[in-house]
Amino acid sequence: MNNYYDVAVIGGGIIGCSIAYYLAKEQLSVAVFESGEIGKKTTSAAAGMLGAHSECEDFEIFYPFARSSQLAYLELEQELKEKTGIDIRRTTGGIYKLAFSESEKRQLQSLSSLATVEWKEADDIREREPGISEKIVGAAFIRDDVHVMPEAVCRGFSKAAQIHGAAIHEYTHVFDIQKTGGHYLIKTQAGDFEAKYVVIASGVWSNALFKYLGLEHRMVPVKGECLSVWNEEIKLKHTLFHEHCYVMPRNDGTLVIGATMVENDWSEKPALGGIEQLIMKAKGMLPSIERMKIASFWAGLRPKTFDGKPFIGFHPEQDHVLVAAGHFRNGILLAPSTGQMIRDLILGKQVRKDWVDAFKIDRKNDVFV
Amino acid sequence: MNNYYDVAVIGGGIIGCSIAYYLAKEQLSVAVFESGEIGKKTTSAAAGMLGAHSECEDFEIFYPFARSSQLAYLELEQELKEKTGIDIRRTTGGIYKLAFSESEKRQLQSLSSLATVEWKEADDIREREPGISEKIVGAAFIRDDVHVMPEAVCRGFSKAAQIHGAAIHEYTHVFDIQKTGGHYLIKTQAGDFEAKYVVIASGVWSNALFKYLGLEHRMVPVKGECLSVWNEEIKLKHTLFHEHCYVMPRNDGTLVIGATMVENDWSEKPALGGIEQLIMKAKGMLPSIERMKIASFWAGLRPKTFDGKPFIGFHPEQDHVLVAAGHFRNGILLAPSTGQMIRDLILGKQVRKDWVDAFKIDRKNDVFV
Amino acid sequence: MNNYYDVAVIGGGIIGCSIAYYLAKEQLSVAVFESGEIGKKTTSAAAGMLGAHSECEDFEIFYPFARSSQLAYLELEQELKEKTGIDIRRTTGGIYKLAFSESEKRQLQSLSSLATVEWKEADDIREREPGISEKIVGAAFIRDDVHVMPEAVCRGFSKAAQIHGAAIHEYTHVFDIQKTGGHYLIKTQAGDFEAKYVVIASGVWSNALFKYLGLEHRMVPVKGECLSVWNEEIKLKHTLFHEHCYVMPRNDGTLVIGATMVENDWSEKPALGGIEQLIMKAKGMLPSIERMKIASFWAGLRPKTFDGKPFIGFHPEQDHVLVAAGHFRNGILLAPSTGQMIRDLILGKQVRKDWVDAFKIDRKNDVFV
Amino acid sequence: MNNYYDVAVIGGGIIGCSIAYYLAKEQLSVAVFESGEIGKKTTSAAAGMLGAHSECEDFEIFYPFARSSQLAYLELEQELKEKTGIDIRRTTGGIYKLAFSESEKRQLQSLSSLATVEWKEADDIREREPGISEKIVGAAFIRDDVHVMPEAVCRGFSKAAQIHGAAIHEYTHVFDIQKTGGHYLIKTQAGDFEAKYVVIASGVWSNALFKYLGLEHRMVPVKGECLSVWNEEIKLKHTLFHEHCYVMPRNDGTLVIGATMVENDWSEKPALGGIEQLIMKAKGMLPSIERMKIASFWAGLRPKTFDGKPFIGFHPEQDHVLVAAGHFRNGILLAPSTGQMIRDLILGKQVRKDWVDAFKIDRKNDVFV
């Protein structure tokens, strides 16, 4: 077994695997260290919406970063299928971000002013989606906010990275990282490894690694509970979205209903109260969902930073240590851009300065400090 | 393969397997024909309460029959463990049938007058079960209404029957039954069989067999949806029961929440609306259940006759044809008594006349005809 | 609920749902009666190979029928996605039908002479698929024998049929069919229905329906056991095929290993001995599969007629009764052609005479009668 | 949330939960820190044999320790049922340790000389267990080597501990332990905790914690793969055991087949090659198992120390730090004795000196050092 790598990525979720893929493509020797299995934690719990618009509240910095990532998925779909045989299952259809009142309609105005977003009146929507609630006053329609199957994307990145020479160490928990000479020593349960660069990409579980590397920052978990139902009758083509909740038609015939927001809960199983909330929310958008048969339920932990934006960039003090974590509700959407940005930082290529500033770890924390 | 049996039992749920067991013990040659797997339909969906008292509304006929069955479980537990190694997992604890109002309290009076039932005041209950709702005014406590694991009972009956020589034909759908000479021809997808006696024990799916045998009766399915949660903290020792719903502590650490009543729905999967109802009901009895983690969900079809009582007895016109179906909410409870009664009818032993009359198929139907 | 239909299709597997789809598209009123859930029996157990060439032993009649069905999948993929949102997950790659000896190589000659098939030498194959066994002497490469996800196709047909107005009755067991006046009475557990045409499409379970309709034919089940593994490292792009067994790369990152041939076994669960056989076979083709992690296992029943070819056509005596069953190892492949042929027979359109003769129920049975 | 405890137990498997239970019973304030869920790793993968005799190769020290633990289960069964409602599902029957040759028979002599072990000739065994291989020459019968359901024991310990006041922190990964004043600081992803005593009970994952606490010892994982089948016909009352493999009848009607020994493999999923081995081994003992239907498969990691004996005792240098790990194939068997021994060490009670010496961490390592 090779024990020395150019880059050690700690964390085998969609972010870590994206980074490994983009680096391995550039001929760097890369290893991913994952304490369980690839893509089985937060990644597999995500619905997979590429909500560059629907999740956006900042059109200056976040939007271009997210939009670039969304567009990257177009070629990724083909690229990963050719390299690995894995289909990331991108589904067209787009999102209706629903307004149930005039005030909600007004709130959607700024979004609707984008060229890629279109305001739809209630009648228009009900004609296309007859099952939708009669109480809506309209919706912002975002054609490009489609979705993918997160675990498939992650497996695609991981396998493609391996085909480019990367090593994926599953079931390999990292319990310490030490600087030693010009390298970093990665101490794992399966033995010690060395690397020139270390990238922390362990989602909310990065906190422990931050500690080993002298970073004072912490993320909190925001648990999201989900369930899915079999939709055998209704032709729902678009994701319905309202107040952070959604009803999303997957291309296997199910609808995914998500997701609650339970701050500071580390458990990865849905509670009864969360399931009840989701059912009520979903009925509000799509009344006939009540008669559909439940297929499955699950939960995952979103990593939230002090300002809700991810940490992507160099450790402020430690050379050759980078962080890519804290993507909150947008890990799937931002995985390609994050992988590319980390690649560029390591290779010394140019990266947009406003992105570097917005996502750097030691950015100003007006709120919490 | 033997193709001739003394008795052919159609249906491999808990009723059919109980009948096979009691007959095989008497040296009769018995075969069970089950279109799928033993105990996987209504039986496996049942919670397994032996509610001789809690489910009772008729103390003259139903109660003695049910009570005798409940008591039979005491020796069955030991008998099946010795013969087959299978543990039916009888759990002590009993039931609190809750009253949330003075009027509900009054309704429980007739029950509370039984020697085996005891009225408990709210304070007394809350002391023993601190998690219970503060809104109760008291409960009827029924020590003997314990529960078992229905699928284990069914497997125990089936395996013990086999050890006594019975044949269990799984995946063997019966598509016709014909009288031929002194015997019955059982036509199945796996070939034809003959038997002297035929017992119809296919729950709500008996309707088709009734048709082949010239019986005009029909049962309707009453779907029951259930879910279970992990109870890791609360020491709930008793089943809580209110308005046909219950929260039942299994001896594996879960709580079972059941069950809805959806008449005339043949689907065996829970709908979202049913799950929502159950959560609301369970919270009403045990508020902290809201924080518990969901473990599983399922549904099953209870077979309901015109008057809610089972059909147990001879076909009114066809010699040597018997029926044992329509046990509605009480199939697990009544399985031993039903098996014994069918055995006695076939062997020509004496059976209580009021039971024969109450459960015979051609009893008077005041309500529907 | 509507109780009268132009066509009643009995059986909700991929054959029945294909028929319903092609008929509903022509504005006929259609109902499917399925005793369980759509696509959950033989359909869901199939690997989904569209082996028009690899499964072919008759190039005069079977091949053109199969090939036409294979080609129909090209447009179906798009059609079903647009109508229902469901992706049938067609995967390119094709099949290597392996030869491990000169004698096997010779047996593949007639196949290799087809324009769509290409002989590949061992070195050539090992270059493309480095993991393949060193013992092969070559393989017939069939580019067009790709695969789909059978349950997705079936759900796609079913949902598209519904969107065109068809009724899908799940959990609705048919227990008798009677001719009554100019119509057929379909007796089900959920009530009686009438239809002008009846199509029997219940796979091996059609035997019972044959009986009700006076057909003397019988099919036998040939159980196929399968398992799947996670392929996280090897870039296997083609299905490997040898002696009825295959290792097939699905586009979710798994490899499917199938399938045993257990004649006259009605059980739908894999036996330990079958699993052992599959592992040995798979190791023979792809040695490194031994280290891969098992993902899942299952079994299904292929319906086999006396000569191995399907029954597709009119009942020889009963007007307006058709049969579409007995597709043995090729149900997924032949579903589109079968649906189209049944549609054409009902609509009175022209159908190739050699197909009608080859697949008619009362064809000559040289072997068995 | 309380942040200070008398004892912090790191690891929520059966060892950690046993320790927590015995300490909480003595009124100490105890917390368990488990990075995932209670009892879901090595514990849930174990078959649950209490093989005090069958696993024994050292009758001086290991045997009395193991035997005392085995006997402790007798009262534990009742104790945990009363306190928590959980049934640990102890199953009687005992083990046949099979000999297939005269040489194996001789190897079993020393075992057979124990008062609790009885030699059985082949004829005698085949009379009781007719399904057993005809190739055996006899077996050592060990009546007391019964089995329990490991996850149920672990849940029972955990819940009983909570009822006595212990805190169980699931999903709480410990990433560092530091000595601070007279206490230990337990740094977790969910925040910092303090404790007077720290007990390391994380099985093979203890290695990382050893590092934090300055212990140079390491354990290696020995992966064990298992599967289970449905035994619907054969009355197998005893566990069959040969060359570290076993066929064990659980009281739910399944047989568990285990377990392989894959050293230094950290993956927790069974590989295809391991499954194949198990099937061959099981057929060697019980030929008809080949026809049984597969129910499930899984794998777990046994923690192995340099000499195969557990580490139970104080840290050689750090005050108030204890270790209880490395139980290899005997974690379930030894859980009660280990819990009691750790309790006694913390409370300063007397512990058998030969046990202290045999299990102390800094014992002489003749083999490896």
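A, B, C and D label the chains in the order they appear, each numbered from 1.
Criterion: a contact is a pair of C-beta atoms (placed from the backbone, for glycine too) under 8 Å apart; a residue touches a chain by one contact, two chains touch by 3 or more.
According to UniProt, the chain labels map to these proteins: A, B, C, D = glycine oxidase.
Worth saying up front: this structure is predicted, and the values here are computed from it rather than measured.
**Q** Is the contact between copies subunit A and subunit B built from the same residues on both sides or from different ones, judged by whether over half of the numbers are shared?
**A** Interface between subunit A and subunit B is built from largely the same residues.
**Q** So, comparing C-alpha centroids, which chain is the farthest one from subunit C?
**A** With centres defined by C-alpha atoms, farthest from subunit C sits D.
**Q** Compute the distance, rounded to whole Å, between the mean C-alpha positions of subunit B and subunit D.
**A** 38
**Q** How far is the middle of subunit A from the middle of subunit B, if each middle is the mean of its Cα atoms, in Å?
**A** Those two chain centres are 48 Å apart.
**Q** Which residues belonging to subunit A are in contact with no fewer than two other chains?
**A** In subunit A, the residues touching two or more other chains are 267, 269.
**Q** Show which residues of subunit C lie in contact with subunit A when the two form their complex.
**A** So the residues of subunit C in touch with subunit A come to 38, 81, 83-87, 89, 91, 93, 152, 155, 158-159, 162-163, 168, 232-233, 235-237, 249, 251-253.
**Q** Subunit B touches which residues of subunit C in the complex?
**A** The touching residues are 37, 170-173, 175-176, 187, 189-190, 204-205, 207-208, 211-212, 266-269.
**Q** Name, in rising order, each residue of subunit A that touches subunit B in their complex.
**A** It is residues 229-230, 267, 269-273, 275-276, 279-280, 282-283, 289-294, 297 of subunit A that touch subunit B.
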